[in-house]
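Shared between the two complexes below is subunit A, which pairs with subunit B and subunit C, respectively.
This part shows the complex of A and B:
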């Protein structure tokens, strides 16, 4: 891409994640390429099953079994700080790291933080079946039932050398920063004593306590009410500015992403179909899928036109039996017979930082 | 026994009301100790008044825990109400082929069963509301069986017609719920709700669990069915844009009470309650250039077992005054067909969308 000023933090190149299950192979992520810039927010949108969460997992090298990364690279431009002043840049290939190794464990949580959709299940790891979360929690040596303050403190101790008292102080300070009232008392609360919004704030506090270079937010406000959602989004924006952190914001809510992201990637069946600056995407979407997505949501305040929503016909295809050519062609209103069902579209540039994968914009 | 409705002047707007809810309360007791003594109540629904006209959609919106789902369920007596009246203009219970207003809360079990032919329900979670061991055909025909209308071979024809109407194929008849996608499962739930030709359908968050493209298909389907069968809907949801899209009138609930009720257009363009204003302004708008003066409500939704004094919204309200802490505001009709429960509704000028 032609950007000179922005600095890449994570570069995902032709990533493929496959699940080898009895019924066949599911390509959860199929040839995805994207770049996350330092200090910027990249929005990833798409419907359930499109591979957006799997991409996030792949970055943290946390693909659940039987899935695995079969192809591609994830380059992380690591910046190590030695006693504040001297900076060391290092390039790490995340997919090549041992998923249980020392380096990735330093990066997870320490340099790349993560918040999940369900703050309750992320904070109460009593249930061993809480598959994905448990992995991350176990890495930080947390025991099942513990106080909010301890969880914060553990995180700090795992990645920095501070005393127990200092860690508690940091925990209180972090709770205060994310807007929890009476942080000195709340630090001793159990998750069940907090409301949903407060739990999500604690999650953010945990993720931010080590000042990560990047935060992966996987549907962070989906389970919250609109009034609480607005509070959480405000906090995330404020904190991003103050620590210059990149955010990968995964959601299916087009309203939330419009106000959060600098750039957006739209995914469909494991592939990126369009990538653009947020304004270009909402005002000048190129891919028929993006256009249809934008039309299918009811707009608040707008008067009803004919009273019906434009819907995308059909359903997402069976992942074991993907359509030939462009995977979207059976549902596409612009379907060109003989082309779309035969030729796989390539990643085409249609404008400044605007990329699309559709044969309408290709000379074929 | 069907009770005669008592004449109450408030809220009876016209003759074609299909449903009138008056002073409806549903308290869940909080029990403690060995003797399970009641130490308090969760006032999930607390003195709620509204009506639904024939053929219209009433949207019930609010944040989680505001009692919107409980209100829907109490109407159809999935929960027994603590107090109040639910008047339904029943056709099935009328002897002379006309209509008869009955109070659902006082009906005998037999009469209630009869009335349930006229009121059905669509649930939020399509996987948990469909029995995994029953085929689609059994699920959709079950209401007919329960009401003694299952006529063997003819039933299959009815079921096929219903399935085709909601966009499923006849060859889906023998399949089980797990073989379907989320959107298709919700269609099965809708087909089941329509099998007895109801007049009122209570939709409890019917599209919340669905992806946006499937959500649009389902909303369109519900609208088509409403026209074809002259259905009335009570549409419970938390998504304000979805509710605006489908509703004729909307009631906004906050901690068990209705804060405001008006036509969809009126409510969104000229809200009278500060809670409605704040709620509207906090909805994320799918337009990156849209800059709103967002009112971020501080704090959390009040605890319904221990609500604040006076107006329940006053701790989060930016217009709150002394009177709001002391007195509960009355739910009153400020403009024709626009009801609000706020002390300062007359003097405030609030922003809509």
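This part shows the complex of A and C:
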């Protein structure tokens, strides 16, 4: 983290995603604002159904059917690498793009890759690992082994269709990079012949084969056991350093996010409640929800034997019938009657890169 | 396998690797092979298709239009023992003499035991082009006609023009078996493509496609065929109208398959790999036909195999009604039409030889389809 220079890659501004279902309107994401820096990892945590995955899918403009983006914008600082030395940033508004158009399809996979929670079902069962990687490469017309700094080679190689042998070589190289043993044999394996961890590695290989500027990892290790989880996280960290890629890491596991992220956004009911650097968040959480979350993880040697783990009282509110004021107030231990149930808190700066949405830190 | 090069210390590992290398289709083949009935069905069909589609010129002793003086002659008796009681290893036939009953005007044929013609294998006969390319005049079996043009062997009798019925069945099989296959290929094409689109997009597209399948299924088959067959101009060449018939058959029948494929796609599109493909930048068309459609293929193969007999039967029925393939062309339906009168059944019962061929084909298809269904189902018992 020696680089102090921060460049925004994705800026989500006041994003609202609503699902118009028969029982009413569900606000999956409700006024979310966040920034993902180039080459950095942003962790997004929150309970199930708090809108983490929807945010990720909104970035790729892939909101499923009854849902739609009703408000806000997502700005993507696209870097065009075509003209050798001078890199130009082009500002693309992702929400404005045609969801089936050519531009968004170039960005999906080519510039923003995504990996999913279930490695068991995210590979098409009829194709081998190699075919999957080759498809990703073919879709974006790139030979993925572009050497950084070798600009000449890059120019020659871009927009050239790869031959079958080359494609195979590329696939094997990618599998090797994500640490799959015997890549030359594994390249011909079908998904059902791979273990869960290997499949997730293949998914990462697919996502990385086009050297995206950002990787969205939607709970990539939730379905894996702990030892495999550690390996996958190691690989992601290693690869991130080697290709200078941003990661949006979605999880509900505080331990994982502590080891992965540079910055963390905590979400609750479609809203960001707190954003801070990792250290700040774990040392000095401001929002009562974040504090409660942190209290609910066991600490080695901290608690007395036999003591019970803290839990957050109450239940997540009914999405059709959200509480007034701060959505967290019915469960909040610091509830201030007459204030929290009346006034919607705003995004307040409480420190260096530390933002919180709570009336405790607001002068009202 | 490259196991040796890596010098694996444990031999058990290498056997494990071999198991890992088993692809889906090799497992299917392994399972299919254990089903005797299905293998027999498949073997019958393979034999039928090779001999009827590619080799009827070779297997039948005469050319299709080879007519003889032996109109409505019954099957030629094949002998091994001659008048003197001597056994011949090579079977032979006698010459035939036509007798006319002046009262009933009925023709009968009696054997002329003075003339003996041995049946030869790979006999020379009518010239033809093998696979439409190589000129040959050798037939699987036959009698030598060089010395005596009266020599003839009619395994299954002759029709009213003295044409060998077996020859006609062979040539008729070509059209009948092909129309089933071609028609089914087109049905699969229509059914899968429309089914995939319908299931993937849902909404208005789905409504339109599903309602049209319902609309098509409300038509009664036979009157529709009659109307459509009437719409084909009579001056079109026989082969063109034959292809039109194929298209008509598949156009009416894609609905059922389209619905089944739609159902499968409805569940497959919710799988994460559809989302993963989309997030990798794949277009809708690519997601549909490259990622989702293969998942329906095993189902489609089974349905298609079980539906081909229906196509063959439909062709037979239509041609029998005079709506399908017409006289200068030969199909099993046309042959059945020849045999479809009380007079024919009484006087020339051998013309019913077409029926067992149709029955065996359809039975074989059902046997094969059943076996494929069991083999392709990964969750099946056994």
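Here is the rule we go by: the second predicted complex is superposed on the first by the 313 of 364 C-alpha atoms of A that agree within 3 Å, B and C clash if a C-alpha of one lies under 4 Å from a C-alpha of the other, contacts with A are read in each partner's own complex, and residues count from 1 in each chain.
Methods note: a contact is a pair of C-beta atoms (placed from the backbone, for glycine too) under 8 Å apart; a residue touches a chain by one contact, two chains touch by 3 or more.
The model shown is predicted, which means the values in this text are computed figures rather than measured ones.
Engineer: Let's test your reading of the overlay: on subunit A, do subunit B and subunit C clash or fit side by side?
Structural biologist: Verdict on subunit A: subunit B and subunit C fit.
Engineer: Look at A:195 in the shared chain and tell me whether it touches subunit B only, subunit C only, both, or neither; answer first, second, both or neither.
Structural biologist: Touch partner of A:195: subunit B, not subunit C.
Engineer: Look at A:74 in the shared chain and tell me whether it touches subunit B only, subunit C only, both, or neither; answer first, second, both or neither.
Structural biologist: neither
Engineer: May I ask you to decide whether A:247 touches subunit B, subunit C, both, or neither, giving the answer as first, second, both or neither?
Structural biologist: It touches nothing on subunit B or subunit C.
Engineer: Which partner chains sit in contact with A:310 here, subunit B, subunit C, both or neither? Use first/second/both/neither.
Structural biologist: After superposing on A, A:310 lies in contact with subunit B but is clear of subunit C.
Engineer: After superposition on the shared chain, which partner residues are touched by A:48: those of subunit B (first), subunit C (second), both, or neither?
Structural biologist: A:48 sits against subunit B, while subunit C stays out of touch.
Engineer: So, does A:62 touch the first partner subunit B, the second partner subunit C, both, or neither?
Structural biologist: In the superposition, A:62 contacts subunit C only.
Engineer: Applying the document's definition of touch, where does A:108 land relative to subunit B and subunit C: first, second, both, or neither?
Structural biologist: second
Engineer: Who contacts more of subunit A, subunit B or subunit C?
Structural biologist: Result: the larger residue contact count on subunit A belongs to B.
Engineer: Between subunit B and subunit C, what minimal C-alpha to C-alpha distance in angstrom results from the superposition?
Structural biologist: In the combined three-chain model, subunit B comes within 7 Å of subunit C at the C-alpha level.
Engineer: Report the residues of subunit A in contact with subunit C in the complex, numbered from low to high.
Structural biologist: That would be residues 60, 62, 65, 100, 105-110, 113-114, 116-118, 121-126, 135-136, 139-140, 185, 189-190, 193, 203, 206-207 of subunit A.
Engineer: What part of subunit B is in contact with subunit A in the complex they form?
Structural biologist: 63-64, 181, 183-184, 211-217, 219-220, 223, 238, 240-242, 244-245, 265, 268-269, 278-280, 282-290, 294, 296-298, 300-301, 352-353
Engineer: Residue numbers of subunit C touching subunit A in their complex, please.
Structural biologist: 2, 17, 20, 23-24, 202, 271-273, 275-284, 286, 290-291, 294-295
Engineer: So in the complex, which bits of subunit A are touching subunit B?
Structural biologist: 47-48, 195-198, 225-231, 233-234, 252-256, 258-259, 278-279, 282-283, 292-294, 296-301, 303-304, 307-312, 315-316
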